[in-house]
Every structure is written in structure tokens, then in C-alpha cells.
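Just dropping this structure here.
Think of it as A, B, C and D in the order they're written, each chain with its own count starting at 1.
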Amino acid sequence: MKKLINKVEDVITEQMEGMAAAHANIQINLEPKYVWRTKETKKGKVAIISGGGSGHEPMHAGFVGVGMLDAACPGEVFTSPTPDQMYECAKKVENGGGVLFLVKNYTGDVMNFEMAAEMLNGEGIKTQNILIDDDVAVKDSLYTAGRRGVGTTVIMEKIVGAAAEAGYDLEQCAELAKKVNSRGRSMGMALTSCIVPAAGKPNFDIAEDEIEIGVGIHGEPGRRRIPITTADEITTILTEAIFEDKDYSRLLRDWNFATNDWEEKELVSKAFTSGDKMIALVNGLGGTPLSELYCVYRKLDEICKAKNVELSRNLVGSYITALDMQGCSITLVRADEEILKFWDAAVDTPALHWA
Amino acid sequence: METIKLSQLITWLEKIAAYMQENKTYLTELDSAIGDADHGFNMERGFQKVIGKIEELKQSKDASVLLKNTGMTLISSIGGASGPLYGTFFLQASMVLKDKNELTLEDLKSSFENGLKGIKSRGRATTGEKTMIDVLEPVVTTLITAVEQNLTISDALTNMLAAAEKGMKSTIDMLATKGRASYLGERSVGHQDPGATSSYFIVKALKESIN
Amino acid sequence: MKKLINKVEDVITEQMEGMAAAHANIQINLEPKYVWRTKETKKGKVAIISGGGSGHEPMHAGFVGVGMLDAACPGEVFTSPTPDQMYECAKKVENGGGVLFLVKNYTGDVMNFEMAAEMLNGEGIKTQNILIDDDVAVKDSLYTAGRRGVGTTVIMEKIVGAAAEAGYDLEQCAELAKKVNSRGRSMGMALTSCIVPAAGKPNFDIAEDEIEIGVGIHGEPGRRRIPITTADEITTILTEAIFEDKDYSRLLRDWNFATNDWEEKELVSKAFTSGDKMIALVNGLGGTPLSELYCVYRKLDEICKAKNVELSRNLVGSYITALDMQGCSITLVRADEEILKFWDAAVDTPALHWA
Amino acid sequence: METIKLSQLITWLEKIAAYMQENKTYLTELDSAIGDADHGFNMERGFQKVIGKIEELKQSKDASVLLKNTGMTLISSIGGASGPLYGTFFLQASMVLKDKNELTLEDLKSSFENGLKGIKSRGRATTGEKTMIDVLEPVVTTLITAVEQNLTISDALTNMLAAAEKGMKSTIDMLATKGRASYLGERSVGHQDPGATSSYFIVKALKESIN
């Protein structure tokens, strides 16, 4: 294993310290671990908090700052953070507007964030959980833990963060977040496996002439393995998987403030279609050079043009990664005016900033 | 009447910690095949934390305090799926042991039963989904039978361990429908579930602490 | 070789097309290849142009836009572009203020840009060439082609680009560029080799337990090979190499507009010392995840604090890369008020943007 | 008097292109040891471009036009260090051949001499620095001697090729002080210079086109 790290136990802490040293717009707490924005929020602003296992940098800590997340809770590498982390973090940044947890749909993340939300709501701090489950590689939610949360997370954090900054209340932020989730679809692939520092070796073996289609962001093997092929072919496979995905319905849990308990609600994602306008994310998984992502974007743009789908906004780069994995993912979020407005709003975080 | 002493429960926790340390790589390798290669590290980290507090826990005269503390520590130090699940198991197990400083077989049964119920409701899963439940459910069933049949604790534990081992192995052929392994679909078949394996070690540690 | 590319011959063209599709602030020309900013410049503005071999993305094309480069000429992978490219490109963007070529000091780049400058000056388009030679890994300029141009390039392009935008004339821009070069020092290391697409295999072999100290950005082997060690140790080696570097003097060529010929001039870089304020770049070489760079930044910050050196500004990320190489480089540029002012000025390019 | 015909110069360019194509990998491997692994691709790309224009060049009755065009094409298609250097070589070589439609040995000498001068001034290098000059300088020296000694073109070419080969091999033991290889310091010793090797092929192609 070749990594720029010191002791395996210190990886997360030291990376947090490095981030805090480099960026004045964020601060860190180490016991328990969380990252929060330096600039004070307006009284009554909804606290937008995310978190998850580490290894996906810049997500989430790199998205903490004005116009995006109020705070992020990094867990161990690929391991959900713990409820006490989220609880302490929420107590730190909550400012009278309640808390919105943006949670990627993995069993661990879901359970830990649910426990935290229960604790906070139990204390009278209004807390809602929103899931991101956008990975079309996971086909049938009946026989799985449901779709994984991947690239749409970045876009949701940007949009909901901007809405909270603009004064949306907890319910409005939650509605908007659900809308973004219902409009986001992603699909990824890997050229190589990643190496978890503590494991010291690749998660899976893959031959020099094979690639893995449908991987997530945890070095987990994907759905199928195919012989290596061109960037155009790979982009086509990912993009078509996204467009072929039909209307998708599932039950997701909301906190019901009246009954003080979880409640299942249906969320439907409508299939993409001609005429749609998209925010596109062509994402590197950590070990892939930016230049190669542009080759993917080129083909994505061509395919979408042929489908009469407009890529109204885009991000090309490594924003939600799987350590040093080589590979990429494509995320499309069907935009509307509200979504574009908050996408374009000013943001000032370590990883995303525009005015 | 035959009982399990607090000191034996302490030994149990210590033995679990030892098993998790010893099998850190093994559990992680199982998780690397169908998950994300961290289960061994997670379990080791969690139970090392429990051990770090063991001296303090030894002061307590109450089994429920012991197990509740264990649950809280696991919740705040493991993360991932196994943190809330095992955390909930010990927390819920502790609920039925208020003020007890020794456990009858009946107590053991109730606490495991309640712990399992906690896991199932937190994880919204049932047997046959290739999880730790495939070990813990048959273990609880064995315990219920043992109580009904009035077995000695020692015999009950022997049966529990056999059930645990069988349950663990039964996960090999299962198709995962919960947790990370479910993303693999058919490709999850043929691999033993890491969480079922750590559950087996927990039962094994219990048997060895009491015999 | 595992890369997200199509035919090896098309790599550069397709990556350019992808960039142009993704970013409205740049445009591309393919015969010959160059990238130029979309927004028109003010009459009389100096045209700041850079270029070099491809494979270092986002440099240079990613730095084209308002407040930075007017244009960039990408060559083949790791191969300097050609004089006709630079000539055509300069003719396209020159707007009455003359042309400043920012050239990394490699034999090929120097010669090709000199030929282009000769052609342009021959036609009466005032053109000056500025070299960047900041790599302290190259020790003795008497016995080498001189120090390589590495990380300081990014910082120079930002600062001189802002100055040109603010109205500096050709001579002022050239002076400022030289000042930045004389104040910049870099040092890099690699964990792995990179793979040039056309070659299809690593440039050099390196064992699982070895790292290469003093590499450049072309997959060339470095100066020495050591057993793999911690990020702290590596950061210390790189940083100390930069601080131990003494006053450094060399002869660089200027175009003399009076004699219409090249003229050698001495440029002295003063050694860094306590009390200096720096712009720091912790740079990934393409295959290194961002998170690891923060671990390096953490230690760099610690070392500098101990030396009473302030890191006034920083960039942490992969800005000047060597394809998919794993590894990093550290660049420090001793700042003054003028440099900080132009660093902070607004920039709007695909890879750097702030207001 | 014995001369080299325009058609033979065309053959020369074609043979160079063939050698560069054939040795693309070899030259790149040499460059990968002490450079940046592109020399073979560079040379192949450049001379393929030259070949692409060969039909047009065949129309010309003037050796200087032929070589000037070759030089311009190399400059605008190779890039890197070898582009301006070889480009300059052919450009400068062409300068002394104005209006000639055949070359005497004296002409060949003058053109190589002028070409070498161009390389040395563009690259600010001299012999012993582990570059193409270590082939081209002895080649020019041999040509000068051949003119002095009134050798046949064939004998001159035989001597040139021997000198080129010797020059190429002499770079193995040299410490590079110019070009990319110079960054390696002592580690550049023991490797044959790629540019010297491509120069050797250029001389070899010339000999084979004329014999």
C-alpha cells in the first residue's frame, strides 16, 4: 500500500487538521469528530448537516461553509459516523431553525442518523432526516437495502445549503431535498479497486483487462465485470443505465413531529425524458486524472444532445471519491427553476466556491 | 438455583474483545468479499473501547448497568451498520436485567430475546437475509427451548453455540437482501456473512466464560 | 494500461472538446490546437499565454479565463507544443498589448516558444518569454538544462494574469512574472510512475516499498529512491529541500526589443528565511486523493510555523499533474503585497475561480 | 562528377520515416529510461507528416525546397526538444542548397555542417553532453575529411555511418548535461541517448538510399 499517510489510526484526524489549517472557512472538533463552518449563521437558519464514512473527500467536510453545509461528521474510513458525533455536532451548529440531516442510503448511515435524530427530537430540537438513494446500479429495492446514495449527495448539499442560507425553513428544506433526491440518478464504474488504509490491500482483485460496472463509493464490487473498453463505450453504458431507469418508487422514512415517530412515505423518481434540463456531475473516484473525466464529459454531452436533453450546469472533477480508486461516475439531476437558482447561488466552501 | 455471575459477564466481554482482536483480519476479509472491508476493524475498535472502561464497569453490582454501558460504548465507537445493531442488542438486553447481580437461564433468555428484537427493529430485517440475525435468531430459539426443557446453563450454552455455528454457516448459501452485501445480488451467494460471524464469536465467548 | 480514453491519437483533441463542452468561459481551436478565453479582452491588454506538453491537467487549459491566461497551447502528452501553434494562438488573442509567453524551463518548451517569439517579433508583435525554473530537485544548473518549471507556474499564471487584467503593460507583466519566478521553489515526489497513453506502460518501475524523491511532472525518474515512509517524513524531506536551497543564480534569456535578439540576464532567487510570508501549493500529481494532500499540508504548516514562516494563502489539490502518477509536490512562493493583491483578485477559469 | 540525386533524397526521407516507424518503441524505451518516453512517438509523428507531403515534394526540382519543407514540417509537428532541433537541422541544411537539383559530396558536407551549426545554436549544446550532437558532430567531421581526401560518396557514407554508430554508442557512458536526461545526474550514465539514436537512423537511412 502506497499512501501519503502516517499511522493508520491517525488518518482521519490528521486529514481534518490539514483541512482546518488550510481553510479558514471551516473549524474542526476532534472529540467527537466534526467539521463546522466558521462564519456564524443567522438566528433561525436551518442547520444543514451531513456526514458519512471517510474516504470520499472532498465530500462532506469540503462542502462545509456558507451556502452549503453547516457541519459534517466524518466517520472512520467507509464507516458511518456514530450518533453521539451527530448529536454533539448538531448541538454545536443548531441555531433555532432545527436540523436537517442529509443521509446517504446505507444501512449504517441510516441507522446511526436515525438514532441521532431520535435523541435530538427527544430533547425538543426539531430534526428531520433526508435520504439520498440515487444509484441506479442497485436495481430492485425490494431485495436490497435500497439504492445507494452517491453523486446526487453533492448536488443536494449545494442546493439545500443555498436554500437554507436564503431562509427556507426546516420543512421547506426537507421538501426541496426530497425533490432533488427524486430527480437525481447516478451510475459508476471502476478501473481499479481502492485500498482501505487499515486493510492495506485492494478490496477486490480485478485483472488488467477488466473493469467493474455499477460500483458504489466503498470499494465494494459492482454488479458485473466486463472487458476493458473505450471511454465512449463506458460513458454510453453509464448514461444509458441512467436513462433506461424507469419510474422508481420506494418507501423512505420521515420523522413525524406530531406522532414523534418515524413514518414511511412513498417517493417516486420519474424516469428522465427528452426535453429535460440537467445538472450533470462527471465525477472521478479519487485516482482518476481530471483530463480523463473531460473525455467522459465529451461523450455524455454528445449522448444527451442526441436525446434532446440539455446539460444546463455541470461539475467535472473528483467530488465524491472512493479513496484512490480509479474510475468515474455520472450523476444527472433534473433541474427546474428553483433548483437552478440555488445551484447558482453563492457558495464558499473548501471544495466549491463561486459568487 | 444455577446462575451466571456478574464476574462471568465481565469475562464474557473480555473474551469477546479478545476474539474480535484475534479475528480482526478474518472478519475484515469476509467483509471485503461482500461488503466494504471494515467489519473486523469496527468490532475490534468497539470492544477495545468497552475493555477500556472495564475497570469502571467492574464496580457495578447491576448487570443492566454493565450491558447498558457496553451498548452505549458500542454505539458511540463503532459506527457503520454493526455499531447501532450490536449497540442496540446490548442496550435492549440490559433493559430486562434491572438491579440483577446474577442471571438465571430465564434472565439470559429474556435479555437475548429483547436484544434480538432491538436488532430486528433497528435494522428492519428478519432471518434469511444473510445478517447477524441468522445467528442470533436460532440462538434465541435454542434458549427458549432450553428454558422450556429446564436444561442446565452449561447444556443450554452448548446448544446455543451449535445453533450459532450452524446459523453462521447457513449464511454462506444465502442471497443477501439487507446491508451492503445486498448490492451484490447473486454475487453475494457463496460467502459467509461477516456480521453473522462476529455474532458467532460473541456466543462462543459467552459459552467459554461460563463453562 | 487502464484509462478512460478512446484512441490514443485522439486523447488530446477529445479532452479539449470535453473541456469546451463543459466550460462556457473557454473556446478551442483544433488545427492547430489552442484554447482561448471566451470573454473579449480590453483593447491594449497584454495577452498572457502559456502552454506545454499535455498530461498536466488542469494546467494550462484549465487556467484560461478572465484574470488568468488568455490562451493555452497544449502539446502532445509530455511534449512541448510547436511554434506554429503558439504563433496562431498569439495572433488570435493578441489585442494591441503584446504577448507574454509563460514557459516552463524544459529544453523543448524553451526552444519552441523561442521560435514562436522570434516569428511574432519578426512581424512586429511585441512578444516576451518568461521562464519558470523553480524545481529545487535539480541542483546544479551548470551541469543540467537548468531547473525544471513546476508548481510556481500555476501561481505565476494566476498573478500575472490578474496583473494583465488590471492593466499592467508588457514590461510590467514581464517584471512581475520574473519576480514570481525568483520567489518560487518547488519539490516533488512520486509513489508510483505514470503511464503515458501512447506507451501503455509505466515510465519507470518502482517497487511496492520504494518512493522516488525529486521527480518532475513528466514521469521522469527523480534524483533518488528511498524506502517508503510516512507522510510526515516525506513532507519534511520536500519542505527542507526547499528551505535548505541557497540563493540561486542563473542566466535566463530575454528578448531585447532594441537589438531584436535574445539577451542573457541574471536572475537571483534568494533563499527563504524566517519571517517570510508564502503562497503555498500542495499539489497532487494526478492519482493521489485530495485527502492525502491534506495530511501533507498539515505537516507543511507545522514545519513552517516552527520556522516562523507564514502560509498566507494556499491551494491544496491536483493542479499540475503527471497523468495518473501518485505523489505530490510542494511549492512555496514568497509573497509581497503586490503578489498577494493579484493572488486575491477575481479569477474565472475552469480550474480556479473566485471573486 | 558523382552526385546525389533529388530522387535519392526523397528515398532518404522515406527511409527515415520507415526507420522511425519501425523503431518507435525502441526509441521511446530509450527515452523512458532517461527522459519522458516520447521520443519514438515524436519522430514517427514528424516523419509521417513529411511523408504525407512527399508527393508534393517530389514535384520540386530544388533540394533546398525539399529540405526546407521537411524542416518546417518537423518544426510544426514534432514539438518537444527534437522538433525544433531536427527542424532546424533540415532548415539550415537547406540554406546552402539553393537551386541545386543534385548534391556533390561538398554540398552534402556543407548542408550537414550548416544543419549541425543550427542544432548547436538552437540547443546551446556541444559534444559530450549526451545528445544527438554526439552523433552529428563526428558525422560532419567525417564528411569534412572525406571531402579533403576526395573519397567517393559511397566511401564517405560508409565512414559517416561508422562514425554515427560510434557516436551513438559513446553516449552510453556519458553524463547528460543537456535535455531532460540531465536531471538524472549520475543516473543518466549507462543509457544510450534517444536523440543520438534517432540521428544514427537518419545517417543510416542516408547511406542506404544512396548505395
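Quick note on the criterion: a contact is a pair of C-beta atoms (placed from the backbone, for glycine too) under 8 Å apart; a residue touches a chain by one contact, two chains touch by 3 or more.
Note that the structure is predicted; figures quoted are calculated from it, not measured.
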Problem - chain A and chain B: spacing of chain centres that average the CA atoms, whole Å - result: 32
Practice task
For chain A and chain D, let me know how many angstrom lie between their CA-based centres, rounded off.
Solution key: 57
Completion exercise
chain A touches at least 2 other chains through residues none
Practice task
Considering only which chains touch which, label the overall pattern as line, ring, star, complete or other.
Solution key: line
Completion exercise
So the complete set of touching chain pairs is A-B, A-C, C-D
Practice task
Would you mind writing out the residues of chain C in touch with chain D in their complex?
Solution key: 32, 53, 75-85, 106-108, 111-112, 115, 137-139, 143-145, 148, 196, 198-199, 203-204, 216, 218-221, 223
Problem - chain C contact footprint on chain D (complex, rising order) - result: 28, 32, 34-38, 41-42, 45, 75-85, 122-123, 175, 177-180, 182-185, 187
Handout entry: Residue numbers on chain C that touch chain A, as the complex places them
Key = 2-7, 11, 14-19, 21-22, 54-55, 57-58, 62, 191-192, 208, 211, 228, 230-232, 234, 282, 286-298, 301, 314, 316, 318, 321, 323-324, 326, 328, 353-355
